[in-house]
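Here the chain labels run A, B and C in written order, and each chain numbers its own residues starting at 1.
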Amino acid sequence: MTFALPALDWWAIAPMLVLVLTGCATLVAELVRGDDAGRAPLAWLTVAGASVSGGIALGQWDDPARLAFSDMVSSDRFTLFFTVLFLVVTCVTVLFAFEQLRREDFHPGEFYPLLAFSTIGMVLMAAAADLVITFIGVELLSICLYILVGFSRRRREPEESAIKYLLLGSFASAFLLYGIALVYGSTGTTSLACVGRALGAPGGLVGACEGAVATGSVATGMLLAGIGLLVVGLGFKAALVPFHSWAPDVYEGAPTAITAFMSVGVKAAAFAALLRVFLVAFPTLAPDWSVLLAVVATVTMVTGNTVALFQRNIKRMLGYSSIAHAGYLLVAIVAASHAGAASLLFYAVGYAAMNLGAFAIVVVLGRAGEERVAISDYAGLSQRQPLLAALMATFMFALAGVPPTVGFVGKFYVFSAAVDAGYVWLALAGLASSVASAYYYLRVVYQMYMVDPKEVVASHSPHRWVSLVATVAGFAVIALGVFPGGIIGVATASTSFVR
Amino acid sequence: MEFLIFSAVAAIAIAAGLLMVLQRNAMYSALFLVVVFFCLAVIYILLGAYFLAVVQVAVYAGAIMVLMLFVIMLLNVAWPEPDDRVLGLLRPLGATAAVTFAMLMAWALAGTPGLPSPLPGTSLPVGAAMTLGRVGEAQAGHVQEVAVTLFSKYLLPFELVSILLLAAILGASVLARKRPDHA
Amino acid sequence: MNGIFGLDGRTWDIILAIITASIKAFVIVNGLLLAFAYMTLSERKVLGRMQARYGPNRAGPWGILQPIADGIKLAFKEDVTPRQANRWIHLLAPCLALVPALIIFAVIPLGPEMEVFGVPWTWHVARVNVAYLYAAAIASVGVYGIVLAGWASNSKYALLGGLRASAQVISYELAQGLAAMTAIVMAGSLDLYEIVNQQVASGLPYALYLPFGLVAFVVYVIAGVAEANRAPFDLAEAEGELGAGFHTEYSGFKWSMFFMAEYVNMINISALASVLFLGGWWPIPTDAPGVVQALGPVVFLVKIALFMFMFIWLRATLPRLRFDRLMSLGWKVLLPVALVNLIGTATVVALWPLGTWPFAN
């Protein structure tokens, strides 16, 4: 039997390799330095690794799109776009966690490597050219998150969150795997492009499809069942509505840094995977699945926004708000068009800016053992810390979708893509629910500006880095809202594989 | 002959699977799951995948389930009677969902045009038939075939799984660490 | 044999194969049980000599009827099941311990394949291309017997004994598997027959493939002693601490099934060690003339007997380890040694052509 190594295209996976090295280096560094050594070096090591990785990704922008490692991963602009986005989210999470690690007395030696590894999982989900890689990416991400969610061993709630996430997450992984098995059973291949070709999709980057069935001879019933299961599996990670029940509890119990990471990074990764799978493998079946996803999107938007109205805890409120935003992002996939895909990428960036900003404020206001997460804790913030209050107000307006912020522009692109695809009712449902969402976002603003502070709270340590994140995010939210052209151009270039 | 063995084993697997779900005693559930694993191993043998069959027994039955039994024994939980107000509603709901799902899958698979399969009187989904076809031609199930596929076509996933395992080990060490006193 | 009873040749071949295999299986199972019986006798006699006493010598000449007397006693002894015990699992556990032990031997090639009066004859029940993995997988199933016995007895000593035993078996399985992998990498096959054949053909058993073969052999034997729960690794039944470990609450025939399982496992481990590292029927050539070939199984059995003697010798010589020492020996010494050893072996095999060994001669 002959054995031939596949072409080892290291450069194509270089950003991931750097992350692997970063994770291992952090592990070894902690081992060498011992527990009591300062935490800062490990954080900076992680940020440095992520920066190098991001730099490589930016440097690859003009490389030709290609499949690497026996058609397992695709190295194209879509991958690079999400890689850079994920790395930014990871760096911000490190900065958030840096404050929290000090407060909660965490062991940094496991925290940073797990964060780096979960970032690899996210990159894999975006880069996957094969369902096997999608699955490994999801699992790598999930297993790291199960631990990170329960990382605070000082209190009980995080452990409850972690076990909930673990149980439901493993269940969802089983669905995903079952879906992959059925897709393989009906098409004879797990490669996304080969599945697409078997279904009669026009070319693109297709590798060697040995074993795949001929175009047109696909077992449709089984395939549709497989697609349905894939929606369940990936929808769980994206917290789409029938599969969202874990999200608020987990978001509330996890360390705030991880909540921010999950609500932005994991969500974006899940949507990157959904986009890849549905628009590379199943574009020809769009009439079948887009109705299903449209219904899911509507339910997600309405449920997320409605339940968020009743939340008293800001992390829970942001949790439900992130469910609603998952609905908006799903609308972009329902459109199943190039414009829709580009709007998803744009919205992901905008959402990252506004949500990370909001979480930065939550982190700044927190203290050891006392996270100050009730919405009433924000009463009178404008009098105590006017800059923070102004930033928070910006993020709330952006999340509600008020112009001239990025929230407005993002929703505009997403909904117009849906209208172009003939889903006027979906766009209207999205609009109506986002109008309703203004109520709970603006309630935070109301508390900050219209209500007198209940108690005099001593000012906290300044949290330089997190404040910087908040400021940059606030700037980005406005800048992207006023000048969306640049990112939209990049997003359009990144999704050229969608027809 | 093969068909008879297959039917018997499949029936046992389904029965054990049902019993596993329906048991209240976690220990019995675990044991029925082991039975299911063995039935799967037999089916792998029927498909000519000896390596997979043996690994199925060694890894799932021999290692993972033993650890599960360990956990069950160490916790030795007196399983609390579930709250009937909650379960009373959830049980029929869950059962309905399961039956619906099973019927849906049956419908999806029944509508599948199968290729002629080596088992008389049955037809296999395309993917499975394809795999079987390759069994005949290249003696799949041979360790060598598995190894070559693993280290050529699936090299990247294989290496990525090692990162996954590293992450899992890290996680285990986090969980095993002594909890600081509750503040 | 075409056409008999309207069955074609292929069907007849299958039926014939099934009948042959059944007879062989019957002989092997009974042989193992007989070997178990006399193993207990010889253990008592050897231990006796080592401790300057006689051992059993009353039943029959030199005490050779002692095992039969013991067997009758055990079979008729009252079978007690504790009232709070889980009756079914209490019954299932000894079966789960004994059956895997008995069926492992099916894949062990006792001697070279040969022809007797023109009819092909093999000394094993089945030749499987993943034979070693089969043996390892079935052996790992045997752990269930111990775990369940400990749990079902509803006794704290049994539970602790069961936990200890299964933790020990699982831990040492790793080192044992890695050590076995050394031989497998050297042979380039998981087929036990092929592994023996390679050693016989190269003229040297793998234990003499210095240095890696010898290290692997030593690791394998140490791990094997632990796998069999034998002294000095018999913590599961440390009578001073645990009563009698996982089988505290067993008596009569069910207890004797555990007893059998332990000894049959020792035989299996010895047989596997002989196959993997001592070259099975080496130095008898595989393709020798028929009469010489028939000596193969004899050589093999002698090797097994030497291992069994070693098991007894160890028991008479070494004191029991403490449990934490036992675990750290497994995880911190044997496992890393076996791993490094395997990497070394793989390097040599990758650099030199298969079947040659640079330091052998």
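For the reader, a short list of remarks on this structure follows.
Everything below uses one rule, namely that a contact is a pair of C-beta atoms (placed from the backbone, for glycine too) under 8 Å apart; a residue touches a chain by one contact, two chains touch by 3 or more.
Bear in mind that the values here come from a model prediction, so they are computed numbers and not experimental data.
Both chain A and chain B are touched by no common chain. In this assembly, A is the chain whose CA centroid lies farthest from the centroid of chain C. Inter-chain contacts peak for the pair A-B. The central chain here, found by comparing per-chain C-alpha centres with the mean of all protein C-alpha atoms, is B.
Averaging Cα coordinates per chain places chain B and chain C 29 Å apart.
We define each chain's centre as the mean of its Cα atoms; on that basis chain A and chain C are separated by 53 Å. Those residues of chain B whose C-beta lies close enough to touch chain A in the complex are 104-105, 107-113, 125-128, 130, 134, 138, 144-145, 148, 151-157, 160-161, 163-164, 166-168, 170-171, 173-175, 177, 179-180, 182-183. Taken in their complex, chain C has these residues touching chain B: 86, 89, 128-130, 133-134, 136-141, 143-144, 147-148, 150-151, 159, 162-163, 166-167, 170, 190.
Of all the residues in chain B, the ones that touch chain C in their complex are 27, 31, 34, 50-51, 54-55, 57-58, 61-63, 66-67, 69-70, 73-74, 142-143.
Contacts from chain A toward chain B in the complex involve residues 1-6, 13, 20, 23, 27, 68-70, 72-73, 105, 107, 110, 113-114, 117-118, 120, 124, 130, 132-133, 136, 139-140, 143-144, 146-147, 150-151, 153-156, 182, 184-188, 211, 213, 217-222, 224-225, 369.
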